[in-house]
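Two complexes, one shared chain (subunit A), two partners (subunit B, subunit C).
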Partner chain A sequence: MLQKLTITLAALAALILVWNLHTILLVLPDEINQGAAFRIIYFHVAAVFTSFCGFFLAMGLAIAYLVKKNLQYDAMSAAVTEVSAVFATVTLITGMFWGRIIWGIWWAWDPRMISYVVCLLFCWGYLMLRKAVDDPTQRARLSAVLLIFTTLDIVIVWKSIEWWRTQHPGPVLSIRNGGGMAPGMEAPIYWNVLALILLATSMALVRMRQESMQREIDAVRRYAHAM
Partner chain B sequence: MASKVEPSPALIQTAPRQVKAGFLQQAFAIAGKDLRSEWRTKESINASLSFAIVILLLFSFAFDVSSEFSKEISGGLLWLVFAFAGALILNRSFARELVNDCLDALLSSPASGAQLYLGKCMSNFVMLLIVELMCLPVFTVFYNGLWVSQAPMLLAIFVMGTWGLTAIGTMFSAMTVNLRLRELMLPVLVYPMMIPALMAAIRLTTIVMAGDAVGGDDQIWIRLLIVFDAIFTLLAVTLVETVLVG
Partner chain C sequence: MDARNFQFMFYGFSVAWSIIALYVITIAAREGRLRKELDRVKRMVEQGEKELRK
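For the complex of A and B:
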């Protein structure tokens, strides 16, 4: 059942992505100031949105684990964090390419960019912590607490954008402060958001299954040692 | 048949006294114990202070200390030194209790996890503040720092910033105490978490070191420090029992 859902979601994501790529690359004209490079936004914004949803979902699952003490929530939380880390990396890489073309530099010390690197550092720390603990219950407990701390910290780091001078472009979507994009150019962003969320969900489901299997293997190994 | 053993009067008297002890009293007792033990050995403070001075010295090779530039980066320089030196104190905080299973004894004592955390946090705070106050004259001599006119403000920044570092650091010290790679894991986890507090403390210290008053838009950094301290202290007090006991 779970496997069928994973394949269906991935297939749906692939369909939307192919249709969207056609629209973005062949239908839409170049942007007047940025030329062809503006197309990066369709993947950059969608990846930001997906990774952010993932981080908050992972925190929710971490809280759910601490309340219910069900290891399934821990597996889900770990899977979602890992997938979110992948999309956070996509965000940073696409942003760097755009910055190189438009600003002429790969990296600007912009608070939003710093926040995202901090996000990635947290993910690294989280994954390292999970590797460093052998006992599944202790691992789940420590990972859950770490996720709650880091998500709150990211909100505080993110807030600093308003206090530091920022080089990052302002919001361009109509759902945020009016926006500056033509409606025809804006729609593919939302379709890409949907496609990446579907893709992320199917990836998280695969990763979750691996986590559950790993737990079962560890249990069998412990049982074998005890024999 | 074995005769019934009567508990000694001393034990009977101890129990009601422990129940009566308030939340903060227990925390102060743990902080007192840690500070007393540190006072006897001076292990953490000596290591932390010498490490801090070495970093202050090494920084002098990285840039021209006589220039105006050293004033501009004074805040960053000082707080990086404090953060690095602080990691040595924080690493030892819970690890020192592993010998003779003292941590298990502390956890099975009437003191709750939150009281244990707060006690440890207070002792770490005092130790790190001592190291910072001892580094300040060294920094003044090495880098021609001018902070005397703003001493109360600087002290307030030190207090707020140091509490932020120790509130987070003590919690993560508790998290990593039983891990294989404790000494490696703590800096990896703790430094990214400290970024907002370090950012605010660096900005404020640089202003004060330049001889300016903290006012107008810069007051937002004081608010950030206070909010950071409050949020993470409360969160740590709430979750530390889960980390230590389960």
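For the complex of A and C:
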């Protein structure tokens, strides 16, 4: 059942992505100032939305673990965080390529970018912490707390373009009252958001299954040692 | 300028999809490793139980 759902979500994501790629590459005109490179934004913004949704979901699951002490929530939270970290990396690197051609620099030490790197470092720290701690309950508790701090940083990332003057562009999308894009050019961003969220969900489902397999292996090993 | 813009768009797309593809390959490899490990530990337990019965 879970496998069927995973495949269905991935196939749906692939369909939307193919259709949307056609729109982005062949239907939409070049942006007047940025030329063809503005199309990177369709994946940059979609990846950032996907990672944000993932981090908030993971934080919810981490809080659920802290309240209910059920390791299932911890495993789900770890799976979602790992997938979100991948999309956060995609965001950062696609942003660097866009910045290189539009700003002429790969990197700017501005609040939006620094806070996002901090978030990514927290994330990789979280994944390393999970490998370093052997005791499942201690690992779950420590990683849940670290994940809550990681997600609080997301709020700073989100609001940074309003709180400070940044090299990073201010709000562009109409959902943030940006109004910097024509409606026809904005819609493919939301389709990409949907496609990447579906893709991320299917990846997270696979990772959740792997986490439960790992727990089963640990349980069988403990039983073997007790024999 | 236009050709360079197109070049960077291509790089951006390539990097984005390469990262996702690499991750998918990683989780597929992990799946195989976990299945093998699960089979191994289960066999180990079965063998241990047989020896205990003897």
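Everything below uses one rule, namely that the second predicted complex is superposed on the first by the 215 of 227 C-alpha atoms of A that agree within 3 Å, B and C clash if a C-alpha of one lies under 4 Å from a C-alpha of the other, contacts with A are read in each partner's own complex, and residues count from 1 in each chain.
The rule is simple: a residue touches a chain if its C-beta (ideal position, glycine included) is under 8 Å from a C-beta of that chain, and two chains touch if they have at least 3 such contacts.
In this text the structure is predicted, and so the values were computed from the model without any measurement.
Engineer: By the touch definition at the top of the document, which applies to A:Phe97: first (subunit B), second (subunit C), both, or neither?
Structural biologist: Once the two structures are laid over each other on A, A:Phe97 reaches subunit C alone.
Engineer: In the superposed arrangement, which partner chain does A:Met227 touch: subunit B (first), subunit C (second), both, or neither?
Structural biologist: The second partner, subunit C, only.
Engineer: Which of the two partners, first being subunit B and second being subunit C, lies in contact with A:Val118: first, second, both, or neither?
Structural biologist: After superposition on chain A, A:Val118 lies in contact with subunit B alone.
Engineer: If we overlay the two complexes on their shared chain A, which of subunit B and subunit C does A:Gln214 touch? Say first, second, both or neither.
Structural biologist: A:Gln214: touches subunit C, not subunit B.
Engineer: If we overlay the two complexes on their shared chain A, which of subunit B and subunit C does A:Gly35 touch? Say first, second, both or neither.
Structural biologist: A:Gly35: touches subunit C, not subunit B.
Engineer: Applying the touch criterion given at the start, work out whether A:Ala47 contacts subunit B, subunit C, both or neither, answering first, second, both or neither.
Structural biologist: Touch status of A:Ala47: second partner only.
Engineer: Examine A:Ile156 and indicate which partner it touches, taking first as subunit B and second as subunit C; both and neither are also allowed.
Structural biologist: first
Engineer: Which partner does A:Val86 reach: the first (subunit B), the second (subunit C), both, or neither?
Structural biologist: Touch status of A:Val86: second partner only.
Engineer: Looking at subunit A, does subunit C or subunit B touch more of its residues?
Structural biologist: Counted on subunit A, the partner with more touching residues turns out to be C.
Engineer: Tell me which partner A:Tyr65 touches in the superposition: subunit B (first), subunit C (second), both or neither.
Structural biologist: A:Tyr65 contacts neither subunit B nor subunit C.
Engineer: Once bound in the complex, which stretches of subunit B touch subunit A?
Structural biologist: 168, 171, 175, 178-181, 185, 188-189, 192-193, 195-196, 199, 217, 220-221, 224, 227-228, 231-232, 235, 239, 242-243, 246
Engineer: List the residues on subunit A that touch subunit C in their complex, please.
Structural biologist: 30, 34-37, 39-40, 43-44, 47, 83, 86, 89-90, 93-94, 97-98, 100-101, 199, 203, 206-207, 210, 213-214, 216-217, 220-221, 223-224, 227
Engineer: Give every residue of subunit C touching subunit A within the complex, in rising order.
Structural biologist: Of all residues in subunit C, those touching subunit A are 1-2, 4-6, 8-9, 11-13, 15-16, 19-20, 23-24, 27, 30-31, 34-35, 37-38, 41-42, 44-45, 48-49, 52.
Engineer: Name, in rising order, each residue of subunit A that touches subunit B in their complex.
Structural biologist: 66, 118, 121-122, 124-125, 128-129, 132-133, 137-138, 141-142, 144-146, 148-150, 152-153, 156-157, 160, 163
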